[in-house]
Amino acid sequence: MADHTGDANALVTSPDPNHPANRIADLCRLFYTLGWVTGTGGGVSIKHDNHIYLAPSGVQKERMEAFDMFVMDYTTKQYLRRPPVLKPSACTPLFMAAFTRRNAGCCIHTHSQWAVLVTLICEAGLQNPANFNSRNVFEIKEIEQIKGISRGGSGSDEIAEGGRKLGNLGYHDTMRIPIIENTAHEEDLRDTLEQAIEQWPETCAVLVRRHGVYVWGKDVAQAKTQAESLDYLFQLAVEMHKLGLKWT
Amino acid sequence: MADHTGDANALVTSPDPNHPANRIADLCRLFYTLGWVTGTGGGVSIKHDNHIYLAPSGVQKERMEAFDMFVMDYTTKQYLRRPPVLKPSACTPLFMAAFTRRNAGCCIHTHSQWAVLVTLICEAGLQNPANFNSRNVFEIKEIEQIKGISRGGSGSDEIAEGGRKLGNLGYHDTMRIPIIENTAHEEDLRDTLEQAIEQWPETCAVLVRRHGVYVWGKDVAQAKTQAESLDYLFQLAVEMHKLGLKWT
Amino acid sequence: MADHTGDANALVTSPDPNHPANRIADLCRLFYTLGWVTGTGGGVSIKHDNHIYLAPSGVQKERMEAFDMFVMDYTTKQYLRRPPVLKPSACTPLFMAAFTRRNAGCCIHTHSQWAVLVTLICEAGLQNPANFNSRNVFEIKEIEQIKGISRGGSGSDEIAEGGRKLGNLGYHDTMRIPIIENTAHEEDLRDTLEQAIEQWPETCAVLVRRHGVYVWGKDVAQAKTQAESLDYLFQLAVEMHKLGLKWT
Amino acid sequence: MADHTGDANALVTSPDPNHPANRIADLCRLFYTLGWVTGTGGGVSIKHDNHIYLAPSGVQKERMEAFDMFVMDYTTKQYLRRPPVLKPSACTPLFMAAFTRRNAGCCIHTHSQWAVLVTLICEAGLQNPANFNSRNVFEIKEIEQIKGISRGGSGSDEIAEGGRKLGNLGYHDTMRIPIIENTAHEEDLRDTLEQAIEQWPETCAVLVRRHGVYVWGKDVAQAKTQAESLDYLFQLAVEMHKLGLKWT
């Protein structure tokens, strides 16, 4: 069985700052300063070839090191490396959903307060009281930052292919991010999160009510910049709401 | 009598960044960037074996060095090291309450504005005007970050033992943090703080009206991540209140 | 044709931290921490002698290096250096407008939320409902920070010359920043941005509705400090509006 | 006449990080991150023996070096060192008021938005409409952070001496900071600022309407921590006002 022997350790040992194990530690430090992973919340996972790199559960994200990472075989779903003492993230099945259903290369989970507040404003129907459906989806349009979001979350930014639009959203498109209800245990979110991914082929993210958001991208750069653009839009939406302005 | 001689200095001299004297200095620098210890406010104490490490009073927290730390013998309550010029923190008896009554390994005191604002909202009865008791306790539920809080503050995160629930709060639990009234002198908070600790066995913290919060944990990691999770919840609660949303 | 050969690379290679290629990378890192270039948004350009230095499009601004910069010949508008893979910024024609029409030495484009919120408050006529013109210009007066803004944006801070006032705005002057409507494609902003520059000779910036702001200066220091002063005024204006206070 | 010769340069050249020239540069970098000196606004001055160290006017505060500092002889008011190109701060006569009238060792001037917003709330009489005097003084009480403020601003924190109270404010004291009206030119604030200092012997600071605040202390540590405590109280006061809560 795979473990933390020398061979397994080689999976997380590299002088390259872009190696997935180093990159996750870096991202966690950055996300801590953004308030996304306060108090051990949130997480990041990178798919690299056939390996899934995962930050551990319940640790201080800004103090993480490459040596703390779990590594899973994408095909067999077996851990190739399990750091002693640490526990794998409860988000693992949720990250896997983005890898398998969207061919993502990186998935980010934050507890950003702006994400949580947006789900609360929707829940209470404060923006659009007449439309019950608005409780389960965050919609905004005609804000430049929307152009930072790709259709489906992990596509190229080219517009092409068959009858279906690809590439990033345009300024006049309405961005829609589905909201699913939270559950007592994080792993129990898997079914509804997978359903939301299927039901909303253009989304790059799923909001979880009173909890946070999952965002993915084809690689680290796209996942990270989409997470930033979304958080910008969530924050702007809350401020707009305070000023009495409508999102769409 | 103990003092700042060579033997006493050895208590705060270590190349290990996790040595309590180094760790307190690091935490103070971090807390300064979070706005928790502005203008010499707030403090941190770590219990290590039979030694209590304490940051001094009235100094700039972001400029603290290991050499500025007081060290007290836990059994005799005598100082083993007193840096010249500096004064011991007025919070010392309050930190001791967490060490003796909850077996904590670390206690953090912040002047976070979110903590103060939450106590003001409760004082004015703005969230729950009909319930007079709501003035003396902060309550919130069904926010994912609550799961970062342990019952009693310094327990393990396992659920076990006899008839009483242990481990961390669940998503559907209501988190309750008692609020005590401030006093003219910090040391005079001891009695009411100790009473609150006794009266609220599940709390990991005590809010002090118009002042801030005391948070503890079994070790530095737990105390710090609980302080972060609480601050996240206080901030979210203030934002929820501005949006007209209820906490429970 | 110009490219990324050795000669072209020499244009961006210098040990001098004030070399334009190094300075743009530094500014992008700083602007990332200010929330101005979240998720690849925004940009910076510097004119140095007859060369225009430009940050690339769609990249993580806080990870930019001197080697990522485009260099254009100011006279011929031909690229002297194009980094492989990267795309030139869609803002390029907008930066050129400040260089050609205001003799600017540096132009900064941010997606600051404060800028966007100010354009939204104006759009909805919330500050000055009776005056339809107020929808297309942000006006504020009698705030000390206005004195950080120069008439025209790229002048000296001396007051002199003919019948027309030069130098910085005074405390009792009203600062007016025109707002133009956003377009689906950034390059399509050129005509209205150039018109706004012509029509408002005293402005140092143009706001773009639901998008952000373009700010210029005679050199990096003036462009950057004016961008900061404006952002300060946008933020203060939003906070004043929340408190029910008028901007003029 | 004194200038930037070798002798004058010796006044600002020291390996000691606590040398006034180095300390001012450090403080400016810190204050930039706090938003106090955005866009060249604000300033700092330190009195060291018979020398007054002053940051120059109109420069980027976060890029300041010891070599940029002006040095004035306290007795003769002549500059002992004037860096070429740079201009002395227009705040100089205001800093001098704190040195001469309060025996301060350091004076800090910020453009903090919280300070400005507090003066605007007072100007509009929003907290206390019935009391016209409340327009010209910021008052708050029963917030723990008030204990970080010394009576007069540059005293010791001991309570002693004759019939008059010294030392820091207590929790039940009302902190009062006078507000003076802004003028077109910063140096014209001198008379009203000096009057305010005379008229309010217990204040450690003077607010300038729509402009910012001057804070002093007996040394750098006291001036800086009082500036932080005040800014904390200004921010808290604005947030309290948004929640409908009274300051006194």
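Labels for the chains are A, B, C and D, by order of writing; each one numbers its residues from 1.
The rule is short, and it goes like this: a contact is a pair of C-beta atoms (placed from the backbone, for glycine too) under 8 Å apart; a residue touches a chain by one contact, two chains touch by 3 or more.
Here the structure is a predicted model, which is why all the values come from computation and not from measurement.
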{"item": "Chain whose Cα centroid lies at the greatest distance from that of subunit D", "value": "A"}
{"item": "Fraction-based call for subunit B against subunit A, same above half, different below", "value": "different"}
{"item": "Inter-chain centre distance, subunit A versus subunit D - centres from mean C-alpha coordinates, in Å", "value": "45"}
{"item": "Gap in Å, rounded to a whole number, between the CA centres of subunit D and subunit C", "value": "32"}
{"item": "Sequence positions of subunit A contacting 2 or more other chains", "value": "242"}
{"item": "Chains grouped in pairs wherever the two touch, ordered by label", "value": "A-B, A-C, B-D, C-D"}
{"item": "Touch list for subunit A against partner subunit C, complex", "value": "142-145, 148, 157, 170-172, 221, 224-226, 228-229, 231-232, 235-236, 239-240, 242-245"}
{"item": "Residues of subunit B that touch subunit D when the two form their complex", "value": "35, 38-41, 58-60, 111, 113, 116-117, 120-121, 124, 126, 182-184, 208, 210-212, 238, 241-242"}
